[in-house]
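Here come two complexes built around chain A, the first alongside chain B, the second alongside chain C.
For the complex of A and B:
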């Protein structure tokens, strides 16, 4: 087990965005996090990565209680993430993004920076863009840059928030391949995605969040056939319709 | 000849405006807050010098250093104890910093009284170079201000902290994601801002009067400069500071003394109408 959440709750005033969520993610696992809009998926990510403090509950990463640890500290422990809305440094080049990630990574003092940058940019397919400023990239390229920067910090687990959002079929395929490669390298992955089709093939396990609570979890096959999940997504209907949507 | 004299006076004044506005532009860029208490650190800088020089009889170098170090430490405390809790709520930050500025002003009245104070100049006399008159005090203050500004720029360019500061200013979430302790950078930046405001006060208090409400005018001017220069742009801020000083000096001589303050804000409004992001503003960090 690499990541464990126990009884995570987040209240914003009267609104309970995440309510008593407990989950465990195992080493090397590829887990999907789905749910309707406003289900609390991104808030859960923010709790796991330290962007929000939970109102209650704990987060344990690699056996260490990190509930009180800042985001930067979690990154140093090997917990990386990307944002749904990309967050590049507009005035830095593509290779500088990777460089910053590498240099912040204290666990690897003796690395060949230039070689690492090339390897990572190769993996995400941005080698030709390495000297371009981030503000000149397309959305698809920025999404890959976001993953490259996360990879550079040397994560053992990475949380991806809608990496396919707003992309075309071709770009989705490229990022799918990139994520699969990451998993083969032993990185544990938790992914939020609305393009269900794209993750149903990738994930070993899917967790469904609805109104801040875990509604169901299981293999993609089990989830598609779960009437409660179907209800949460489409109102009262049958699973045949959800399959059609997928 | 009058014109040259005016331009030189404007430049000397501009260096100090740049020093004041630099701290505000860093705070704005890195913390994304509207700090209405910024002028308080200017007031504190002046009163600390007054206290150390007049009450304790320290020499002005020691008094100046102690004053700015104290302002730095107070900045650290204020960020940690007050701002940190509400930093994400823009309106609360404005109200809190405004209230804090007034409260501190009253505390100063309580501790040191409300009368106007003067500090002795630490460089006395005037140089006459071919009919151009230069007050030595202003020359010294200008020189120290320029040295401080250059140090800040080098610090931003060369040091690890300076680079981290620029990254936070460009993209806060991105900085978190590469493991930068954003909150620590913000705290130190706020303290550096307090330090810069106080150092401007240390350099100007032998020239101007020292009184509890003295911080509001530099606050307003610093905001004007930062907006004219383009929020968060260091280059824009420095250029706008000199522009403000020159506009003030020239308009008070050629138009009317009492219009010197008006002229700058007229220019500011015109620039904002034409270019809402300011002269060098692109919202892309320090």
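For the complex of A and C:
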């Protein structure tokens, strides 16, 4: 087990965005986290990565209780993330985005930074852009830059928050390939996606969040045939229709 | 990199020019240069925070004043050796930076700027009103004279400003510079990239406080007096304006900006009565029409053949 959440709860005033969520992710696993808009997926990521303090519950990463650790400390342990709404450093170059991740990576000796930057930018297909400022990139490029920056920190686990959001078919395919490569390198992946279809073939297991609670988990097959999941997405409809939506 | 070379050339020419000043110019101008150098060091310390770390330090004269009053007390009141006093003043300033920075930097939001501002206003008030302790508006006098000639004070001011510039330059061109800029650009993303933003902001804040304190104590050493205007809001404002004129996030701009402002105020002495008004107008004009400042303009001229004007690096966000 790499990551474990026990009874995670987050209240925003009266709103309970995440409610008593417990989950475990195993080493090398590729897990999808789906659920309707506002289900609490991003908030759960914020709890796991230390952007929010939980109202209750604990987070354990590689056997260590990290509930009180700040985000950067978790990154140093190997837990990286990307953002649903891209968060670039507008006035920095593409290669500087990667460089900062390498600089803060304390588990690895810095031997040839320039070469590592190039390798990572190659993997995400941004080598030609390495000297461009982030503010001049397209959304698809920024989404890939998010992943590049996370990769640079040398993670053993990456949390990806809707990496396909707002992208076209070609760009989605490129990113699918990129995260499959990551998985082959042994990186554990937890991926949020609004639409199950995009991660159907990638995920070994899917967790469904609804109104802050875990509604179901299982293989992608099990999930699309689960009537409760159907209900959460569509109200009362049959699963044939759901398959089209998901 | 091209930019690195430009900076080295700048330092070299600057140093040579400064060494030519005493033999070539009337003695009276040395005084103006000394003041310009003190302001330049102070503006550099402000630019380090605002232009690189992205923290607007609105009460920055607090550190200048702490430096000035520390040497005032030590040398002026207790007769401590003035050189030792400068050293202790710097330590005092940094300790205050720590005391304010540690609790404030843990909080998200503009707390650091506000609390620094609050302390600056409090100390300004105390300096003015506690006549028995601080000498009120008269300030603290009798700081020991260390040199007989203005030339010596001039050379020391050259040393001071070059050292301040080199410290800032080495810092921002090292890996810390990149880390500072990620914090300026997007603190949450920086944290997600593994940057412990509290620690690095603290580092920037300490170095900035140290340089501001050094500038303040040198001014007191030179003028042999520490007065409340070393703690004034107008002084902070002058640093902000100098950096706006020169170009934020460039360091060179802080230096160019202070020469320009100091010499203008010297040439047109009547403007001194309208300092705040002038600063406000110039600041607004710079932010609206002169975003990259003098440094940006110079760089454009020097580099324009290599790059398109659109691709101008640096300059920073206003």
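One rule holds for everything that comes next: the second predicted complex is superposed on the first by the 244 of 246 C-alpha atoms of A that agree within 3 Å, B and C clash if a C-alpha of one lies under 4 Å from a C-alpha of the other, contacts with A are read in each partner's own complex, and residues count from 1 in each chain.
The rule is short, and it goes like this: a residue touches a chain if its C-beta (ideal position, glycine included) is under 8 Å from a C-beta of that chain, and two chains touch if they have at least 3 such contacts.
All values derive from a computational prediction rather than experimental measurement.
Enquirer: Determine, for the superposed arrangement built on chain A, whether chain B and chain C clash or fit.
Expert: When both complexes are placed onto chain A, chain B and chain C end up clashing with one another.
Enquirer: Which partner does A:68 reach: the first (chain B), the second (chain C), both, or neither?
Expert: A:68 contacts neither chain B nor chain C.
Enquirer: Touch test for A:7: chain B only (first), chain C only (second), both, or neither?
Expert: neither
Enquirer: Let me test your reading of the model: by the given contact rule, A:80 touches which partner, first (chain B), second (chain C), both or neither?
Expert: both
Enquirer: Identify the partner contact of A:149: answer first if only chain B is touched, second if only chain C is, both if each is, neither if none is.
Expert: The answer is both, since A:149 touches chain B and chain C.
Enquirer: On the A-aligned overlay, A:166 touches which partner chain: chain B = first, chain C = second, or both, or neither?
Expert: neither
Enquirer: Touching A:227, do we find chain B (first), chain C (second), both, or neither?
Expert: Once the two structures are laid over each other on A, A:227 reaches no partner at all.
Enquirer: Chain C: which of 58-66, 148-156 or 292-300 bumps into chain B?
Expert: 58-66
Enquirer: Between chain B and chain C, which residues of chain A are contacted by each of them?
Expert: Touching chain B in the first complex and chain C in the second, residues 51, 70-73, 75-76, 80-81, 83, 87-92, 100-101, 104-105, 149-150, 152-153 of chain A appear in both lists.
Enquirer: Taking the complex as given, what residues does chain C use to touch chain A?
Expert: For chain C paired with chain A, touching residues are 175, 178-179, 181-182, 185-186, 188-198, 316-317.
Enquirer: Along chain A, where are the residues that touch chain C in the complex?
Expert: Touching chain C from chain A are residues 49, 51, 70-73, 75-76, 80-81, 83, 87-92, 96-97, 99-101, 103-105, 149-150, 152-153.
Enquirer: Quick check on the complex: what are the chain B residues that touch chain A?
Expert: 167, 170-171, 173-174, 176-183, 284-285
Enquirer: Considering the complex alone, what residue numbers of chain A touch chain B?
Expert: 51, 70-73, 75-76, 80-83, 87-92, 100-101, 104-106, 135, 149-150, 152-153
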